[in-house]
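Paired with chain B in one complex and with chain C in the other, chain A is shared by the two complexes that follow.
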Partner chain A sequence: MNVTINQEGNKYHVVLDGRIDTTNANQFQQDLTPLMEAANADIEIDCSAMEYTSSQGLRIFLMLQKSVMAHSGKMVLCKLQPQVKEVFDITGFSNIIKII
Partner chain B sequence: MYAKRFEPIVDKCGEIIEYLMSSPDMPENAELQFKIRLSIEEAVENIVRYAYEGGAGYLEAATSLDNGMLTVSLTDSGTPFDPLAKPDPDITLSAEDRPIGGLGIFLCKQLMDDIYYNYKDGCNILTMKKGTSASN
Partner chain C sequence: MRISRSFSARLSTNILLITSLLFISSILVVSYYSHKLIGEEATKNASNVLNSATLDINKTLGKVENSVTNMEWIVKEHLTDSSYLYHIVSELVKTNDEIVGSAVAFRSDFYAGKRLYAPYAYEDGEGAIQTKNIGVDKYDYYRMEWFTVAYETKKPHWSEPYFDEGGGQIVMATYSFPLLDEKGEVFAVLTADISLDWLNEKMNAMHPYEHSMTIVLGRDGTYVSHYEKERILNQKIFDFAREVGNPRINKLGEKMVSGDSGTYQMRHGDDIAFAVYGPLGNGWSAAIISLYKDVFAHIMRLNLIITIVSASGLFLLFILCFKTIQKLTQPITEFSVAALNMAKGNFQARLPQIKTQDEMLQLHDSFEYMQKSLTHYITELRTSTAQNERFESELNIARDIQLSMVPTNFPTSDNCSIFATLRPAKEVGGDLYDYIIKDDVLYFAIGDVSGKGVPAALFMSVTKAAFHFIVNLGFPINQVVTKINDSLSESNDKNMFVTFFAGKIDLKTGEMEYCNGGHNPLVLCHPDGRAEFMQAKPNLAMGVFPGFEYEAEQVRLEKGSRILLYTDGVTEAEDVSQNQFGEDRLLQFSQTIGKDEKCQEIVDRLIDEVKSFTKDAVQNDDITIMTIKLI
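Right, the complex of A and B next:
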């Protein structure tokens, strides 16, 4: 999983590329730390190249959503691949994380 | 029967998943493979993390195919534990109220056609089934 973060002021454009699974979830969480600590962040995460996520990835997305809300920020995920979107749907994550 | 016994299993998650996904019983359909791989990953990871509480032990991973129905079975001799006994997460809660984690086995239940647990002869046996026609 490659995480690219471009920041301009409080706007963060994030590109995820690859798979999130048990082997790299800890690294993924570390890579997102700047987003979890930012105040009033306006975050857009491009998921078009994210091929797969296990529950390990989901837990980190939820942690990120919670911390963004706690820091008065907002976050949107975009361009999810259909099968990844299905994982967000069946776990109810589509209702608690904004997806466009 | 396609089967292999892994021992020890600490740090073997990836190897066990790849072994199962390489089975000749696996469907070629990519969408089905996605669902099966995710279910296998969640189930295997649970066993590797918790079955032996960090101690040594084995996991026997097996697949079979019968009339288009794929069966994946995972057997360990660790602490007796029914992963299916836990209530499903409440997926209607808000982000603030949703607890972190607890989604792995729920995903298996949702993505596979059938999943059941047996405790027999000192072993935990988790069995997951998935129809392999593309409509599944």
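Right, the complex of A and C next:
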């Protein structure tokens, strides 16, 4: 799992590459820590290269969403692969996380 | 410990080899140069001896020549007094030790009527001097070399040696001196005979080396003196060379006879001999022949002594090295024993005491440090192993508790049958299922907590307990889910969540009311064998947002229908290549379910199906399957 974060002011462009599963969920959470602490962040996460996420991955997206909201920021996931989009849909996370 | 393999033996042997090599090469070099030097010295020495002897001999010969020459005028003065001539020759013999006989041999008819006339004096066997005229017919000196050569050449002459048959059977040589008249004609020859015994004695007395041999050759190579007396006058050196088949001796003879002087090497039996040779004053030549083995005898002895001393020294050196190195490396042996003991688990193994401030002390300190570290680590390891064992045993207990929290008794009532199973990926897991039958109403639920292990298990038990409790309070199914969600969301700092599906079936009518909390769609198997995913409104996984209003939906199930509920441990089970089992395989499986297949059989078969798909891959998520059939 590779996480690339490009920052311009309060705009964050994040590119995720690979799978999120038990083996790397903790690392993924650490990689996103800067985003969780940023105020007024405007985050766009490019998920086009993300092949799979386990429920641990979902939990981290949920944490990120909650912390972004707490810091008056906004977050959007984009270019999700169908099988990943399906996971967000099934769990209802599509209802609380903006996906385009 | 075998000596041949020990460190000290190997090192000592190496030292011994190198030292021996040095010793041997030194001895060889010294020996080579000393041989060369001593060889040269020996030649010089022998030459000196020979020269001194030659001088001595020449002096004697010169003395004889002078004595004869000095008599010339006396003879000429007394030619008229023939009897006085006897006196003259007697005096010559008397006054010269070397001269044993002397004669004046006159030309034929010098005295009228005397064809031969030669007054002669000689020493007899008793040392008295006798005189006689040797000019008699039976001794015609005109045929004698001593007379003819001097007579014809008009020059003094030393004869070749000869046996004096008339006298004392001794080897003699004669010096002949011609006496000339006013016209320059020879009228008489004055002679002096000398015995060659003194020459032989003088020569044989020369012993520069133990087995030195001396020879004197006449002008034709005849032995005049020889260390083997019987060869004197009886043999020429050239005949001897032929006799022993040694051309080098022949060559030596040629060189000597030609009047050369020098040194010459040749074989002598098994030894190598060298000759120093040079001419004597009368045309003869002398040589001393010495054996190199004599020359080198003492240096050979010296070499032997050096070799013996060196060998003893080397042996002592070896013993000393061996003992010293053994003593120095003794601690290594003890370290090795200590290491072996440590390997067997005795970390208190005694270490050798090191008193030297060297590498051995460093080794000792390192060893000691290693002992302490190992003791420390092993203690830690024991503690943590014990701790792990405790954790493991606690986890096993937790697993039993968790598995006993989900119902494992499945009633076979008249209108439904149920079976479910829960297979955690680890000791404990985050999946759950539950069912309650109350007055022909079946409540059921299946859930999957995010993550695995103990955190998920704790969250699971709370969820399961809440469901059981709230259902029993008689709330509608959407209220049940909403309330559980509120309860879970209240204190959920870790943002755990649980996907949840709860349903309520009126077993008499088949009416099902259900509420989905973000869980996978269940499979609906119709009585005619068709199977499909039943899409339900996802709402939201539980524990995420408090106050979320969950909505319920309704469907009517026909008698003979089945529902198959599962967690994503089934659809997301992966093989070693990370291919997922997937919803398609699940649906295909569902279409193979037989009409009368028992719920437990279906569940077991699905488990087998998943296992045969994942093969050797490790189960990475909890698996829960629940199936309900309406009868």
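Here is the rule we use: the second predicted complex is superposed on the first by the 100 of 100 C-alpha atoms of A that agree within 3 Å, B and C clash if a C-alpha of one lies under 4 Å from a C-alpha of the other, contacts with A are read in each partner's own complex, and residues count from 1 in each chain.
As a working rule, a residue touches a chain if its C-beta (ideal position, glycine included) is under 8 Å from a C-beta of that chain, and two chains touch if they have at least 3 such contacts.
Computed from a prediction, not measured in an experiment: that's the story for all the values here.
Touch criterion not met for A:Q30: it reaches neither chain B nor chain C. By the touch criterion defined above, A:N40 reaches neither chain B nor chain C. Once chain A of one complex is fitted onto chain A of the other, the partner contacts of A:S48 are absent, as it touches neither chain B nor chain C.
When the shared chain is aligned, no partner comes close enough to touch A:N2: not chain B, not chain C.
Of the two partner chains placed by superposition, chain B and chain C are both touched by A:G92.
In the superposition on chain A, the residues of chain A touched by chain B in one structure and by chain C in the other are 21-22, 54-56, 58-59, 62-63, 66, 90-92, 95-96.
By the touch rule above, chain C contacts chain A in their complex via residues 448-452, 495-497, 499, 517-521, 538-541, 544-545, 568, 572, 578, 620-621.
The touching residues of chain A, when paired with chain C in their complex, are 19, 21-22, 25, 54-56, 58-59, 62-63, 66, 89-96. Of all the residues in chain B, the ones that touch chain A in their complex are 13-14, 31, 34-35, 37-38, 41-42, 45, 89, 91-96, 98, 100-101, 103-104, 106-107, 110-111.
Residue ranges on chain A touching chain B, taken from their complex, read 21-23, 52, 54-56, 58-59, 62-63, 65-66, 69, 83, 87, 90-92, 95-97.
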